[in-house]
Each structure stands twice: as structure tokens, then as C-alpha cells.
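Several structures are given next for inspection.
Across the two complexes that follow, chain A remains constant while its partner is chain B and subsequently chain C.
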Partner chain A sequence: MSSWLDYTINGLIVGNVYALVAVGLALIFGVSRLINFAQGSIYLVGAYIGWVAVVQLHTPLPLTIIVVAVAAAIVGLIIERFGLRPLQNSVRIAPLLATIGISFVLDQLVMLTFSPNPRALPSQLPDVRFQVGGGTIGPLDLLIAGVGLTSALLLFVFLRYSKLGWAVRAASQDRDAAMQMGVDVNRVNQAVFGIAAALGGVSGMLVGMYYNQIDTAMSLQATLKGVVAEVVGGAGNVPGAVIGSLLLGLVESYGVAVFGTSYRNLFAFLLLVVVLVLRPNGLFASARQAPPEPLTGTFIAPSRPVRIPRWALLVAAAIFAILPLFPVSFYVLQTLINAWLLGMLALSLTLVAGSVGQVSLGHAALLAIGAYTSALLSLNFSVPVGFAIICGGLMSAALGTALISPSFRLRGHYVSIATLAIGEIVSLVILNWESVTRGPIGISGIPPLSLFGYDLISPNSIYWFSFVVMVVLALLQGRLLGSHLGRSFRAIRDDDIAARAYGLSLNRYKSLAFIFGGFAAGVSGGIAAHLYSYINHETFNTQQSILALTVVILGGLGNVVGAIVGAVALVGLPEVFRIAAEYRILIYGIVLLLLVRFRPQGLLGTM
Partner chain B sequence: MSNIDRRTLVKGSLAAMMAGAAGSRTAIAQSSEPILLGVSGPLTGPNAQYGTQWKQGFDLALDEIQAAGGINGRKLAYQFEDSQSDPRQSVAIAQKFVSNPAIVLELGDFSSPASMAASPIYQRAGLVQFGFTNSHPDFTKGGDFMWSTSVSQADEQPLLASYAVRRLKLKKLAVLHLNTDWGRTSRDYFVNAAKEYGAEIAVTEGYIAEERDFRSTLVRVRDANPDGLILISYYSDGALIARQARQVGLKQVICAASSVYSPKFLELGGEAVEEVHVGTRYFPEDPRPEVQKFIAGFKKKYNGLEPDAFNAYAYDAMNMAAAVVRIGGTDRKAIRDAFTKVKDVPSVIFGQATFDVATRRVKGAMNAELVVRKGQFALWDGKPT
Partner chain C sequence: MLSLRGLTRRFGGLTAVDAIDLDLPKGELISIIGPNGAGKTTLFNLVTGLDRPDAGTVHFEGQDVTGLSPERLAAEGIARTFQLGRVFGNLSVMDNVLIGAHTRLRAVKPAVPVIGPLLELGLALLRPAGVRDEEERLREEVKAILARFGERLLPRIDQPAYSLSYANRRRVEIARALALRPRLLLLDEPTAGMNPTETAEMQALVAELKAEGLTILLIEHKLEMVMRLSDRVIVMDEGKKIAEGPGEEVRNDPKVIEAYLGHGLSGTPELESAV
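Take a look at the complex of A and B:
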């Protein structure tokens, strides 16, 4: 029985670690209704500044903390001033994308400066251990708990009793009204970003000391767990974020206790989905609290789409169709094949995110479902590849819609977080359901693409095949959006209450969108599986989902042609920058930021 | 569709003929252009550290090859393309390499999804894909152009099991492994061998690569009451587990796979990795000349930095590539055939490496039983810990 005490203590200890990130995220969300994907990167920057201070400058701990806090705060202020403030009056989704771009840039800068090798960050506290239950805790555990709780408490008091705190809360409730009442909203935002960044930096350093290890991969993981904890506690609720973090730690620890280590994250994300479905405002939201998202759909602001004349589209399609007849290298063709596959995924996402307003961050799961279905059918049951890919699309449509349907009542950011969690769950199920998916070993020897008995193995034939499939899907989607159904979709996106008042069944239309989108994504995954011949649970990862969203926003939400243009751009850019070797992702991040800054509605505009 | 295939076939064979012609011409002319190898591996993204370690190993090997007069008077060089270990990018890189007639051989990629997604392209184009960290059992089954010097886990894990069970006399083991294709395969080989040697497996726990907190896992381990912990880990997670095991009060013997063999393991693990046993393929005081040359050269080139396992794999791979190119020249198919002919190439990992033509892998990795003492890897003296 004493083991349960140990599991509880361990859960609280790790929850403690999550709380540090979650508090910063909650603070920023509370004011700007923004999930700051760059918070993990600030955490990373803090860890490395801490390393410089401790290992190179030999600063004592209190000074180290101050140095890290100040430096991280400066980074936060820079992000706010140059990354986010210019986007204030643009589409609500633009800052979200900007934080993703900023996190690319920061992570890459750290990696280039310090090399990607992990480093030891020695703790500066005396190494005494206290016996608690079967294990021990050290002074660093207490310090982390202290920092987490104190900062949450201080923030709570600050928000409730200080004048600037009132301003912060006023700005979070209604920015425009606050501005009219004379609140300097920019100053409020600055204060919040500065505080959150300082906290993020210090937490990165403390966690680095805790594990005696820092590396550049810690950023994304920190953001993921922090977001889960924050949402469980109630987005924007600072004390709730601490409790959410502890709860997350406990659930993970008990999950390990009952089912084993490999199931750990599965429980974290299941917890998130359950909380979102049952109490979308988080566990600790009060009943009278206003809904965290505005009632009407300003999340995606409409803009005037760029009209491309039909003949231009036809010419472009014709050029791409006859491209392989010219002496272009297979490398160019392969890059375009990748673009067409990503284009199918983007078509799917631009439908659910752009046309219906369900911004999904877990779209790679649909690829994975399609890929595994098609691969397993063709391997285990000798189903012809062409038919297996269609089955993959159907399975993706069915399973994807079924998985997402509990979250249909969510709005705005919450849809993104729920889909993020579902994406992770699908990947973890693939990892653990070994009897079907072969677990981490993955599926090898998947037969190559073939159609009516002919193998498509030359780059030209694969190119034509994927291009035709994408064009057909795009035409279908264009037809769909031009119909009555398309208008209903956009009505739901723009104002779901009005849409409901007009008698539209929201769930039915959302399902329809996910069924069609799931099919396109599943087909893309299926083709990829036969193209690669080997897939495992890592082939379709979170980075793919984020990439797909970037493509869609870049092209213009809901814009069919935009999705394809975006896919070509985002597959092409990193290849074009290949000459820059290690710097290419950095350049890519900067280009992305500039695009968001100067064209937030996307290249071709929102439809 | 058959029509398309015929056309590409004609085009492809034309390209191959041209490449072949170009190759033979340069071979005759003894061009001063370097012989080019393609490398596909991660330089950015979550696995970037391994790509940088590869580079260090490659560069050292190339310095030595150049100093010894290169390949029949020509220089050897590589073109490193960053794949982020992402299958989408590794397939594009594969097309880039196969359509560049200057590339005579390809090395990499790092992860199995990225490497094996590119295999069909290399196989069809007839360019050798030489994967030197690809332990996935199906990697070389991709075709007769897939060759690997990655230590087969069927070889390595029984050695580790023998160290733990026969030499350290551990009877009841807890196995913690990375839940990847490598970790999973390794675990299965280890468990089979350990059972054969008479040990009992109390519990096995797989964890994902991003995991940092192992305290709850270690409570499970404690409750299974083993007398030894086996880590099938890389150095960063291995160090984390060792630290946390000591923190939660586990005092059992820890025995780790060779993949933790890195100075970083000592740096990251600190005092917690004292007395950790590691089965490795070489060790610094190893009198074998290839090991001494490698370690001395590495420290000299990189300001006293100690090489680690991934440096050694890359160093060996480049030496093997040089040996193969010496036999096969610059013709891609001749290079494939050279893999069947190359014999007893001096190797840090294998001593002398010769491919088993049936499996296209190298058998018979060397074995050294090390233990961490006073913050250094040292040869285990047989004293119980």
C-alpha cells in the first residue's frame, strides 16, 4: 500500500514541474486569449541563460535566478513588442501562428548558439535528501514547489488587488471597453508578457537543474504539458493552472502505476479530453464566468479573397500536369509529390478549420489512421493498393469523426486543444496496440503504389497519381463549398448561434465537414504509407499537424487554392533554403513570421 | 499506365547509361574532383545532436584517409543533407542523391522511419544506402542495395545479458527500454538471452523518447523487487534514470547498453552513474591499434573531447565507405558488389569488419565490460559492486 503513497508523491513532484509552465501560459491566456506556443521556447532560453550563469560565470543561486528572470523578461518584451503587438488588429488566429513562428526562431537560435548536444546544469543547492514515503525529496523539489505556489499566489493577489492587475483583468474581459475607460492596453500586455516570460525562464532553469540536463528538445514538450495543465485548470485561471498541473501529475503517476510507463501520456491527454468535454471552462471555472471565447466567430475574420481567374488556374494545373515530360530532376518531382500529399492534408484542414471554424491541431492523426488502415489491409488481407487507400480514407473519415464528435460543443481555442489531445492519443494508441499496429517496430514492407495491377514506382507515375488525386479532391471541395452546404458551413463558422437560430444542426454539419476532411487526409496518409514502404508511430507526428495548420493559415483559411499554394510554399521553402544547412529552419521561421506580419489573412485570403 | 512506365524506364536507363559513362570517364581520367558520398541525417530538429556527432566522426576519418593519399589519389568528400530524420525530407533527399551522378554511395538516415522510407528509392535507382545506425531488423531486407554496419542487436544484447547474468551474477532483472523500434528489438533479444542464462525478468518498462520523469516507473521497478536494473537507453535518458533511481532510494546494480557510452552520460549523470556497468564495443585503454588511433585522433582534432559511441559508428562507417570505394571505384553497381568483396576493414566497433553477404550486416562486434569509477569509464576488474 505504501507504493500508492509514493505514486502520489511522485505525481505531485512532477505536477509541480508542470505548474511552472502552466502558470505563465494561464497568465497570457487570461489577458490576450492566446495560447502562447513560444512559452516553451522562453523556458528553453531561460535554461540556457541559467547554464551560462552557473557554469561560465559561477553566479550564486539568488543572482542566477535574477539574471535569468531579467533576461527572459526582456525576451518576452521583445516578443510582445515586435512579434505580437503589430498583429493586434488582425485576425485572431494570426498571433497564434506568430507564437509558433517565434518558437521556431528561438529554438533554432539556442540550438545554433549552444549546439544540440544536451548539457548538464548542476544544481546549486546543497545535496541533502529528505525521506518521504519510500523515496526522497531534495531541496530543489521544495524550491520548485515554492516558486510555483508563490508566483501563483502573488499573481492572484496582483490581479485582484493592484491597479495594474485590475487593468489586466479589464483588458481580458473586454479589450475595447478597457481601452475606452483609459486603460493602456499595450502597457498591460507588456507587463503580462514580461512577468510570464520571467516565470517561464526561471522555470526552465529550475527544471534543468532538477534533471541536471538541458537540451533543445525540451521546448515543445514543456509547451504541450503546460497547455494540458492550464486547460484542465481552466484557461486563464492562474491558481487553477497550479491545481490542474498537480492533477495532471497525479493522473500520469497513477496511470503508470496501473498500466505501465508506456501509457503515461495517454492518461494525460485522456484527462484533458474528458475535462474539455465535461467542463470546457476547466475544473475551476465559476458558473458566472463569461465564456472564454466571444459569442460570435471573430476567431477567423473574413477577408476579401484574391480572385484567381479560372483560366489562370487551368494554365497552372496544365503546367504542373505536364511537368514530368520536361527534363526536371526527380528531386523536384519528389518535392512536389510531398507538396501534393501535404496539399491533400491541407485541403482537409482548410475545410474543417477555415470553412467550419474548427481549428484542428491534431490532423496528423487522420494521416496515421489512413496510413495504417491502408498498409495493414494491403499487407494482411492482400487488398489491392488502390482500393486499400480508399478504405484508409473511409476509415479516417469514420474514426476521425467519431473521435472528434464529443468536442463538437467546444469553440475557438478549445477545439484546437481537444484535437491536439486526440492527435496525441491516436499516436499513443498506435504505439501501444501492438497486436494490430506492431507497436514501435512499425510496419515494413508495405507494397508500392499500384493501380489496376500496374505498379506505380517511377517518380513520374507517383507524381501524376498524387497530383490527380489532389486535384480531384480540390475540385470536389470547391464544388461542395459553392453549394448550399458550403454556405451553411460558413454560417456556422461566422456565427453559430445565428446559424442555429436558422435551424442548422451544428453537429450534423460539423460531422459532414470532418467526414469529407477525414477522407482527404486519410487518402493522403494511405498514399504516403505505400510511398515510404515503412511507417511507425513517429511517421505522422505533432510537427505534421502544426505544419498543416501553418499551410492552411498561410494559404488563407477555407481557401481551396490557398491550401495548395501554401503546401507548395511550405514544402518548397525548407528545400530552397537547404543551401543554408543548419540555418534553414531559422530562415523558414523568420519568413513565416514576416508572412504573418504582413499578410495575416493568408496569401490568397480567407474564403 | 504501362506506357508511362516504359517511358520512365527508357529515361531512367538513359540516365543510368550517362551516369555510367560519366563515371568510367572520370575513373580513367583520374579526375582531381573528389569522390562524393551523400549523407542524409538530422542537423536540425529533435535528433540534431546525432547528426553533429556523425559529422565529427566523418571528418576525423576523412582527415586520415586524405593523409594516407585518398582513394587512389582522389579525395573523398561527403555532401550532408539535413533530413531532420523526417521521412518526407529523406525521400526528397534520396531523389536528389540518386539523380546526382557524382554521388557514388549514400550514408544514413538516422531513424528507421526516415531511412526505410527512402530505401525503395535507393534500391530502384541502384545506389547503395549504407545505414550505419540502422538496427531495425528489416532495414537490410529493403533490397540488395541496403547495407548496414549497425551492430545487430541479436549480437549485442546477448553480450550485455552475459555481463549482467553470468559475470555480475544478477538473478532477477528489471528492464527499462526506449519504446522505439531499436529499444523494443533490443529488449526482446536481451530478455531471451538473459532467460537462457538463467535469470528471471521481473518487469519490463518501455518509455517514450521525450520522457524525463521516471520516478513512478521506478516505483514499479522497486515493487517488482529485482536485484539489477538493465537500461536499454541512450545516454541522456540513461543518465536521467540512473539519477532518479538513486534519488528514490534504489540501490540495485545498474547495467546499461553500449548506447549510453558517452562522456555526456558521465556529465549528465554525475555521482548517480558511479558504479554503473556498461557493456561496450571498445574502451579507451583498449590496446587495439584502431581504437588507439581513433581516440588519439579524435581528442587531438576536437580539443581533448572524448569520443562517444555515435562518433565511433560514424568514423567506422566512413572508413568502411572508403574501403568499399577503393574496391568498387565510382560505379554504383560496382560499389554494391564491392560490399560483398571487402574484407577485414579495421574497425573500432568490430575489430575487423567483413559483411555477411546473406544479411548484408557485419557480425561479431567486440565486447568490453566497463564500469564507471570516479567519474570515468574503466575496465571492470571483476570486483563486485
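Take a look at the complex of A and C:
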């Protein structure tokens, strides 16, 4: 009984921390209809600024909180001014991609400055526990509760009684009307980003103290948890975000109590998917809302794709096909093999995100499903590797489509959240389903690539194999896009309401796109498994999903040739310039940001 | 052909469509007029399945179709255009209109349960002769439809729709609706934002469609066009039907004049001359 009280207190305290993140997300969503994927990065920045203040500057606790809040707010203002304000009049996909890029850049900067190793963040509070009823409570719990309540009160007073607060509320009710009444929307955005960042930063610091540990992986987790809480409470609904956060904290805490710690995140994401499917407007929204206003053709930047003549493509393909016959180094071949594998993933993502407009942030999960299927079939059942890879592709197509299908009724940012969560769920299931996936140990000794009984071990044969598979997938995808399905996919992307009015079933065509795309990604994952010979639940992670997204944007959304060009460019150029591995992710993030700002249609244009 | 009984839709405290009855016989053209916010477009959304009524029924060809999905209703032969224009911006004119013919695809969409979608994927990749022929036939048909707009659209057939002028995008919408070979066509302000020449062209086209026997429900602010084309006119105000009858009769109805003048002629500058 007493432990239940402990779990309840723990749930409420953790929920309080989530609330600080979620309230910021809700404020930003209310004003700019944007889910800020960089919120977790600000939380991370807050934690590390707190570490600098406590460990290096030895600031007293009240000063630490103020320093963190102010520094985080400044980061928030910079993001708003230089990252998002220039995109105000651009297509809806632009700010979404920009916050993803900003999040990557911030995370990498923190990682490069402080190294990825975890650090201890002491709480500066006496280590005593008070008996409350049957449970115990510490001073840090009280501090977190106090900070949560104080910020809620301050925020309430600000929104209710200050002039800027009125402007924020007006802008979130009706942005256009507020502008016409003279509300300075830029100032409102500044205020909202500043407040959200200050709350997020303090929250990161408190969590660091609570677990007495900070590391760079906190960022993505915080974004996910904040988004879950915010969506559960109803996007843009500030009180809803608080209740959603407390609910999430309790669900997690009780889940951990019953099933164990490794299931904590699984509950969060399952809660998210259930809410998105059953009540996409949150628990507190009115049941049925008016259909949204048309936003025709504004999701994706209009452009004229660059037409590459057929002979040029043939020449390029021929050059790459005969490349191993020349004295090129193993290193070059290895780099290009990576490019072909990434190219397959990018083909899949450019179909799903570009042609059908479902910006998936969990695409690496499809790699994982294909890789595990192929590896386990060849290891446990001695299925020939070539056939096992095809089975991996089919499994990715079937399972991936089934997992994502609940989110087919969602739009825009919600699709990205749902795919991100589903990607995490897949990784967590792999981690926890030990009897099949061997859990955290991973799978080792996966047989090497082979085809019709011949092992493909030489670099040349691996190169040719992956190149041919990618080219075949690209040709099939080109043929698909040239059929009636191509125009149906793009019609659904441009305007799903008009598409439905002309008889296109969203479920049917989104499924077909995910089936085809899932197959390509699964094959890529399968090949990778046999190349690496060892995989675990972290081999295919969110970083790969974001890398694939950057490739797709670089090449041009929906553009088949663009996906391959983008993959070669993003894998090859860092090698050419000999950029150290730890800076690469940073470069990818910056490339994504620059593209969104200056060439949203990518190198070869949106198809 | 189309018959509405007591059709009602509420948004919060506002009743956008209030117990509307309507009977549209085959081959006739009924116009719906009324001030902005009278509920005309909401009524269209209810008939085409984009919104569901809180009360009342929609019958089409004697069959109860209330609350069916827009996909089903399109397959039944109901096509519509949108007030603010909803062309597929990144699709060419040809592809936009081909989407209109989607419900008529047969060879590439075998009517097989469960595995139908997978067969569709396979056929799209393999493209046997039957599928190619069907596509070719539809492309020829699209050209014939576009030819009805003279030289407005044909020279731009491969251009993306976002690059077209406003009026041309409206024309693409109508072409897309015609490609469905509709049994019932709903036009939501087809001439909005068009100049007098363009309006006259559009009026001639709608008259042509009517002469060919097409059943049409028209929302339109330009009263001259309404008077010329309509077999009957329905006037809506604040969700209710306040008058119905032949154009001349409705035009002189004191309730109608009051509805417009009482709203300060909002959005209907044409009415002043018409009244």
C-alpha cells in the first residue's frame, strides 16, 4: 500500500516536470499551430547550463534556476528570430522541418561541447526524506512541485492580466483577427518562445537533479514526452497540457510499478497512439469540430522538377555499374555501398513523405523490422539469405503498414508525431521481447550476404548487389509514380478533402504507399543486417530517420532520382572533405535548415 | 433525383443549416442564393458527405445516402466544385482532370474484396494491355473535356495547376467534375472572381451542360446568371430556406429583399441592380 503512494507521488512529480515542457509546447501550438520539435533540445540545453552553474560556478539554487531560465529563454528567442520567423509565409512543412533541424543542431552542439558521456547533476538540496502518510517525499520533490505550481501561477497571471498576455490569448484564438486589431504577432511569438524555452530549460535542470544524471539522449525523450502530454491534453490547450502531463506521469509510474522500468516509455507512446486514434483533438476537445479551412497546395513547396534526360541517367548508372572494374579503393566502394543502402531508405521515405505527404520520423523502424526478420529467418530457420532479405522487405511492408494505419486519418504534424512514437514503440518492443529478439544483447553471427548459394564477400560483389537492388527498386518506384497511383498519391498530398470528394480512399492509397515503401526500407535493413553481422535495438535509430529525411529534402520531395543523388551527396561529401564523424550529424542538421530556408524544393525539385 | 428532408447541421450554438427540404428532379437546375454565411456551402458539404448532418436525410436516386463517405458518394455519381478552389496544385492540368475520372477506373481496380488493393498495386506496376488502353481512353476523354473551354486549358495541359490563373483553376475544377461523368453536379460559385467576359463563358458552359440533360445544383451570387439558368431558385438566410420558386417570383419576394438589405447587401453588390 505504501509503495502505491510512492508511485503516485513519483508519477505526479514526473508529471509536473512533463508539464513544464508540455505547457511550452501548448503555448507555441496555440499561437503558431506548430509543434516545436526543438523543445526537448532546449530542455537539454537547460540541463547542461544548470550543470555548468552548479558544478563549475557553484551558484546557489535560486540563482541556478534564474540563470537556467534566462539562458534557455535567450536560446528560445534566437530560435524564433532566426529559425522560424523567416519561414512565416512559407509552406506548412517548412517550420516543421526547421524545428527538427534546429533540434539536431542544438543536440549536437551540446554533445560536442560536453561529450556524450553522462554527467552527475547534484541537486544542492539536503538528502532527507519525510514520511507522508505511508510514503516518503524529499525536498527535491517539493522543489519540483513548487516550481511547477509557481510557473503555473505566473503564467496564469501573465496570460490573464498583462497586455502581452492578452495579445497571446487573442492570437491563439484567431491569429488573423488579432493582427487586424493591431496585435504585433512577432512580439507574441517572441513572448511565447521565450516563456516556453524558460520553462523547458528549468524542467531539464530539475530532471537532471532528480535522477542526478544528465546526458544528450534526454532531448528526444523530452520532446516525445512533452508532445505526448500536450496531445493527450489537446494541442494548444494550456490547462489540458498540465492535466495531460500529470496523467502521463501517473500512467508511466503505475506501468513501471506493474511491469518494470524498461516498459516506462512503451506506456507513454501507447497512450499517445490511443489518444491520437480515438480523440485526435485531445481528451478535452469538443466531440466533433467543423472541417478545417482548405489550405490547398501549401503543404509542399510548388516547384518545377528538374528533368534529367534519360541518356544522362543511363550514363550515370553505367559509370557506377562499372566502377569496381577500375582500381578504386575499398574505402570508396564501402562509402558507395552505404550510399546505396541509404538510397533505398530514402526511396521509401520520399514516396511516403514526398509523394503522399506523410512526413514519417520513424522510418528507421522499417529498417529494423526488415533487418530482424531477415537475420532471424537466416539464423533460426536457415532460410537462404537472398530469400530472407525479401521476406524482411515483405514483413516491413506488412507490419509497418499495419502499425502506421491508425494514423492514416491524421494530418501534417500529427503524422510526424505518430510515426516518431511508432518508431520508438518498435525499438522498445525489440528491446523487451527477449525470447524472439534476444533483447538488449542483440543478434550476432548473422550469416553474410549470399545469392543462390554463393557468398558475396568481396567488396565488388557487395557493391554490385546493393547497387542493382537499389536501381531495381528505383525503377519500380518510377513506374509506380507514372501510373494512376502516382497521381492519386500526389492528389491526396495536395488536398485530401478534394481527393476524397473524387472517390480516393485515404486508407487504401496511404496503405499502398506504405506497403511499397515499407518493402524498399525492409530490404535495405535486411541487407544491412547481413553486412554488419551484428544488430541490436539501437542499430536503426532516430538519427537514421532524420538523415533519411534530410536526404529526401535535399533531393526534392517525391523525387526518385533526387533521393539517390541526395544519398550519394550526404554520404559521400563528408567523406570527400574528411569531416570527422562527430561533426557529421551537425552538418546534416545545418544542411536541413539551410535547405528549408533557401531551397525548400530541394536540388531536383518536388515531384 | 436528389431529395433532402429536414437537413440540419449545428456548429455549437449556431444552426448553419436549419431543416432544409429540397427536391431536384432529373435534368433540372436549381440555384441556391443567399447572403454570405447563409449556410449554402455547408449544405453542399452535407450532400457530398464531407460533413454529416445532425438531423434529416439525403436521398439520391431513391436511395438513402445520408452520412455516406465522400468516396462512396463520388462513386454514386455526385461531383462537386469548391467555393475557394481546391485543385491539386502540384499536379498537371491533365492529372487533375484524370483524378476526376478515378471512380470510373475499372481495368486497374478489380472489384475483388481484401486483396483488391494489392492487385491494384500489381496492375499499376505491370500495366497489362487492358490497363494501358483504359488510361489512354481516359486521356483522350480529358482532352475532349478540356476542349470545351476553348483555348483556355488545352495549351496548358502539362502545366502544374498552381501556375494557372485563378479563373483557369476554377475551370480545371469544373473539368475535373465533368470527368467523373456525374449524374448530379454541384457547382459552388463557379464564377467567383471572374470578370464579365469569363463569367459569360462560364454561363454558356453551364447552359450547355444543362441542355445536355445534366442535373445541377448551383450556388451563385451573380443574379443575372441565376435568373437565366435556373428552373427554380432557393433563397437561404441564416440556415433557413426563406423562399423558393421561379426566379422572377423569388426576386420580388419581400422576405428575400429584406434578407439582403437587412444584411447591408453584404457580398452581393449585384443584387441592387437585379432587384
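Throughout what follows, the second predicted complex is superposed on the first by the 495 of 607 C-alpha atoms of A that agree within 3 Å, B and C clash if a C-alpha of one lies under 4 Å from a C-alpha of the other, contacts with A are read in each partner's own complex, and residues count from 1 in each chain.
Following the convention adopted for this analysis, a residue touches a chain if its C-beta (ideal position, glycine included) is under 8 Å from a C-beta of that chain, and two chains touch if they have at least 3 such contacts.
Note that the structure is predicted; figures quoted are calculated from it, not measured.
Participant: A:T401 contacts which: chain B (first), chain C (second), both, neither?
Facilitator: Neither partner.
Participant: Between chain B (first) and chain C (second), which does A:N36 come into contact with in this model arrangement: first, second, both, or neither?
Facilitator: neither
Participant: Based on the superposed arrangement, let me know which partner A:Q213 touches: chain B (first), chain C (second), both, or neither?
Facilitator: first
Participant: Could you say whether A:L531 touches chain B, chain C, both of them, or neither, answering first, second, both or neither?
Facilitator: first
Participant: Can A:T606 be said to touch chain B (first), chain C (second), both, or neither?
Facilitator: A:T606 sits against chain C, while chain B stays out of touch.
Participant: Give one of first, second, both or neither to describe whether A:S348 is in contact with chain B, with chain C, with both, or with none.
Facilitator: neither
Participant: Once the structures are superposed on A, label A:Q221 by its partner contacts, choosing first (chain B), second (chain C), both or neither.
Facilitator: In the superposition, A:Q221 touches chain B alone.
Participant: Please indicate which partner A:S505 is in contact with in the superposed arrangement: first for chain B, second for chain C, both, or neither.
Facilitator: A:S505 contacts chain C only, not chain B.
Participant: More chain A residues touched by chain B or by chain C?
Facilitator: Partner touching more chain A residues in the overlay: B.
Participant: By the touch definition at the top of the document, which applies to A:G442: first (chain B), second (chain C), both, or neither?
Facilitator: The answer is first: A:G442 touches chain B but not chain C.
Participant: Touching chain B in one complex and chain C in the other: list those residues of chain A.
Facilitator: none
Participant: Taking the complex as given, what residues does chain C use to touch chain A?
Facilitator: 11-12, 45, 48-51, 69-71, 74-75, 79-80, 82, 84-91, 95-96, 98-100, 102-103, 105, 108, 117-118, 120-121, 124-125, 127, 135, 160-163, 176, 180
Participant: Which of the residues in chain B come into contact with chain A in the complex?
Facilitator: It is residues 1-2, 4-5, 7-9, 12, 43-46, 48-49, 52-53, 80-82, 84, 86-89, 91-92, 94-96, 98-99, 111-113, 116-117, 119-121, 124, 136, 138, 141-142, 176, 179-181, 183-185, 205-208, 210-217, 219-220, 222-223, 236, 239-240, 243, 247-249, 264, 267-270 of chain B that touch chain A.
Participant: Help me check something: in the complex, which residues belonging to chain A touch chain C?
Facilitator: 286, 290-291, 294, 296-298, 300, 302, 304, 476, 479-480, 483-485, 487-488, 490-491, 493-495, 497-505, 508, 511-512, 515-516, 606-607
Participant: If we count contacts the way the header does, which residues on chain A are in touch with chain B in the complex?
Facilitator: 3, 6-7, 10-11, 13-14, 17, 108, 111, 115-120, 122, 129, 131, 134-136, 138, 211-213, 215-218, 221, 252-253, 256-257, 260-262, 264-265, 329-331, 333-335, 338, 341-342, 431, 439-442, 444-445, 448, 451-452, 454-461, 464, 528, 531-536, 538-539, 543, 571, 574-575, 578, 581-582, 584-585
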